[in-house]
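Chain lettering (A, B, C and D) follows the sequence in which the chains are written, and residue indices restart at 1 in each chain.
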Amino acid sequence: MEIVPFESVAINYKTVFFDAFGVLKNQSGLLPGIEKTFDFLKEHDINFYIITNDASRGPKELAASYQEKGLTQITKSKIISSGMLARDYLKLKVKEGTIAYLGTKESAHYLETLALKTISIADLNIEEDADDISALVILDDEGFDWNHDLNKAVNLLRRKNIATIVANTDKYYPVAGKEVAIAAGGIANLLEDIVGKNIIRFGKPDAQMFIFAYEHSIKNGDTKDKNKILMVGDTLTTDILGGNKFGLDTVLVLTGNTLPSQAEIRIQTKGIIPTFVCESAVIK
Amino acid sequence: MEIVPFESVAINYKTVFFDAFGVLKNQSGLLPGIEKTFDFLKEHDINFYIITNDASRGPKELAASYQEKGLTQITKSKIISSGMLARDYLKLKVKEGTIAYLGTKESAHYLETLALKTISIADLNIEEDADDISALVILDDEGFDWNHDLNKAVNLLRRKNIATIVANTDKYYPVAGKEVAIAAGGIANLLEDIVGKNIIRFGKPDAQMFIFAYEHSIKNGDTKDKNKILMVGDTLTTDILGGNKFGLDTVLVLTGNTLPSQAEIRIQTKGIIPTFVCESAVIK
Amino acid sequence: MEIVPFESVAINYKTVFFDAFGVLKNQSGLLPGIEKTFDFLKEHDINFYIITNDASRGPKELAASYQEKGLTQITKSKIISSGMLARDYLKLKVKEGTIAYLGTKESAHYLETLALKTISIADLNIEEDADDISALVILDDEGFDWNHDLNKAVNLLRRKNIATIVANTDKYYPVAGKEVAIAAGGIANLLEDIVGKNIIRFGKPDAQMFIFAYEHSIKNGDTKDKNKILMVGDTLTTDILGGNKFGLDTVLVLTGNTLPSQAEIRIQTKGIIPTFVCESAVIK
Amino acid sequence: MEIVPFESVAINYKTVFFDAFGVLKNQSGLLPGIEKTFDFLKEHDINFYIITNDASRGPKELAASYQEKGLTQITKSKIISSGMLARDYLKLKVKEGTIAYLGTKESAHYLETLALKTISIADLNIEEDADDISALVILDDEGFDWNHDLNKAVNLLRRKNIATIVANTDKYYPVAGKEVAIAAGGIANLLEDIVGKNIIRFGKPDAQMFIFAYEHSIKNGDTKDKNKILMVGDTLTTDILGGNKFGLDTVLVLTGNTLPSQAEIRIQTKGIIPTFVCESAVIK
């Protein structure tokens, strides 16, 4: 397994798609020096987008979290989140009733643009409210009481046959030190296992995420040539598998989920093969 | 699918193994008239045992719950629970350290006979206590805060490579009306999905449960001839599959998990074939 | 579950996507009267495409199979097959070496446009040829000796870490009477189970299939408004799930995989909800 | 991970259960020096049994294969195979009709003791014979034409709801060099995936296998104390998991499925923890 410098790869593409967590930032904040990568891209006229499995906030709030830390180049229009796909789905497919959600009030904030009523699972009274509920959305792992409200979600789905969606395919996320917390995707797996019904999932490695980013970038005047787009990620089963399947060249970086000591064995075991492996997306 | 009276089947056997929930009782209490079944068995000198996927209480407490309702024939020695298997496992395999558990204080009560220290996950401080923990046991879905303590269990298992066991293979259990609650088995599935490690499971359809009952009954002087033992249950994937595989004749009753309208299609779809189908284990 | 006439639904859309097997044809040939449906669409200026999980032949050969039977409106440009996605993937991602395939010589025919060498697994000598193989493609369940060549495929994948793709997500297909045959998708599941590596799958319900059809139809000047496109299929887990997720309205027809007697229970059990249910896509 | 000499472990037990493949022999024959291990056991009055997931031959033929190679201590009564469990199951549960099998004529040989008719899937005519078939048994991966006969097995199971069993939980087995061949367990997975019906599996890690060996050894006058029985195997998910769950101490040896370089990471990843790790069961 050859490890090459990121700049020697990136220089050959016109657009770069970055995963966020494990590539640009980690639980301690931005990766030191990552701003140099964005300077490099600007200098060489390479466009970029951030493709993230995150439905807990809208793109505006996600962009703000980078800007606060000094990465002013990352504006709202640079963010492609799985939450945006979920919102589009609801807009197209759910035209009446109230949307129940698991998550914080903040996570439901950007659903409000849909002009549909929303109700937190925490506030839901099944007997009284179930008739009006037309969809269930899992937005975040916080904002509700798991003992009480996960059982409420189970019984809502047993009682009503409604579309259920989750916009985060991750099972857990890092919190501090080496600790993790169960993510919205893990909660979706639990509900699906108990209820037996199909939950619609948005997020990498699903092609819909990549086509969304691709169309978004084309609208902004960027290249249509898939051979000129590079996907950069730290996770084989989402970033690299999804990028490969969509026909893009891919870079696995070793600053997140895939530790340097494990990269070769994981690539071999899973049969998911990145086009390149780089130590980091940070340019030295 | 022919439906036959339970007494016409039971009369041909020397020992009957009953599942508890859905066969002898449901969420409203004992099935009306079930005492006549036990009178019938006594009259015809047929032995019986109750084989239950329940680790939330010890056999003494389980027996008491029947006796309170007037079924005085069901004594402690008649109860074979998956919790007893879990306790045997811990006795044989965990000889030092402290056992962490998910469940109520009551559920941990009968672990005390092991002479090992126990600590509720709710009381566990990972930084301070992890070194001494030698096993994790999932006993019950109550007695801890899911938001906080399931994440604590995940991080305990990521930090320490310890035996993890659950003595309930059920994913959910009925609570009231048509509602259900997520059971210890569902929580085990969640932890296994997040952490990726193997959880040791005790309970039907596992052969160990049946051999435990079989040996227990032989010790009590009952028949060794498997052709003379009948397993009675309401669930194809646990009671009937497990009984069949152990070489017993099996009766599916339609008073619990398998509704009369679904029995034939489920038998056909799953390919799990009971020897007999009876409306109920209640003798009229 | 309300069953409505197909024409009363179709009349409200500008483009209709049809699944092929179970909707337009079955193992006995075209559904009697299906030509009237295409007359109806033409009369009302409704466009159509056929979206099929089939990689055993190219679009030209697939179109010819309809034309021979008198459906002259179904030309090559009306066909969107999962095989076309597979070919695009290979074109973008596999730029050297030889592509090994499981399938008939005929099924490999349309890969030839890629200007890459191809070799049937039946002709492959692992010791001599493995070095040059850059991908493995599962095209068809015929054309090779399963005993010998499936083991050869297993050992090829164990020896070389190469992209492996299948362009058929179906596990089996109907052959005659009520009999079925194991399909390319079933063979892919077997290889993945044995080798443990990820196989890239193209076909419904994957969004990539729908976006491919959508872009294809837009290029032909058809509507961009997803609210004006209808997906018609006989299978909940591919046609309806995929159509729903892509944001289209969906019709479940009862002439194929989903029998009239099972439709309601399956929709309920799986939680995959078609916008409409019609007896058939044939207009009377 | 501490690696200890096998003799320093074995000396503390009264009975040793050995896995066969990867422990006593590999694809090249017996492990050089393994006869010294059996001399050591005899000298110290330690009993032993061989517990093997093998249904392709009867215990007599299995024992003969060791004796031919000079291990005369391994007699028929020392062999516990998953095939013996399968035969017991058929004896108890299938009392009429004809048993169809996938395997060689030789593999069906020891079913003949059941006094039931048997028919190879290769000789089966579904139209004529299906009525009389009362069970399907997967015995071996050889002896039938996969293209033709696996589809025949699929259609037999779709047509008739019969008990289907496999007595080999292995998905593949080593053949020569680093090559493998798909095993009966892999074929069972394929059939289960296509047909959707439950296949009854006998073999490690299932407790039934261990209880069978345990009872067999008790009958021979060996110890009843599980703390004095040691399970020795090369595979975490079968030998070690099964031995642990049954309450035995376990030894992982590094001469088979688990390579020395992988042992620690696999134990950590899977959470299956052997009591001891030894380089080999060969005593130097």
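Here is the rule we go by: contacts are C-beta pairs under 8 Å (C-beta built on N, C-alpha and C of every residue); 3 or more make two chains touch, one makes a residue touch a chain.
On a predicted model such as this, the values are computed, not experimentally measured, just so you know.
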Far-end chain from chain B, centres as C-alpha averages: C
Inter-centroid spacing, chain B versus chain A (mean Cα positions, whole Å): 40
Distance from chain D to chain A - Cα centre to Cα centre, in angstrom: 44
Where chain B and chain D are represented by their mean Cα positions, the distance between them in whole Å: 28
Touching two or more other chains - residue numbers and ranges from chain C: none
Those chain pairs that satisfy the touch definition: A-B, A-C, B-D, C-D
Chain C partner contacts - residues on chain D that touch it in the complex: 142, 145-147, 150-151, 154-155, 158-159, 171-172, 178-182, 186, 189-190, 193-194
Residue numbers on chain B that touch chain D, as the complex places them: 88-89, 92-93, 157, 161-164, 195-200, 206-208, 211, 226-227, 237, 241, 244-248, 267-273
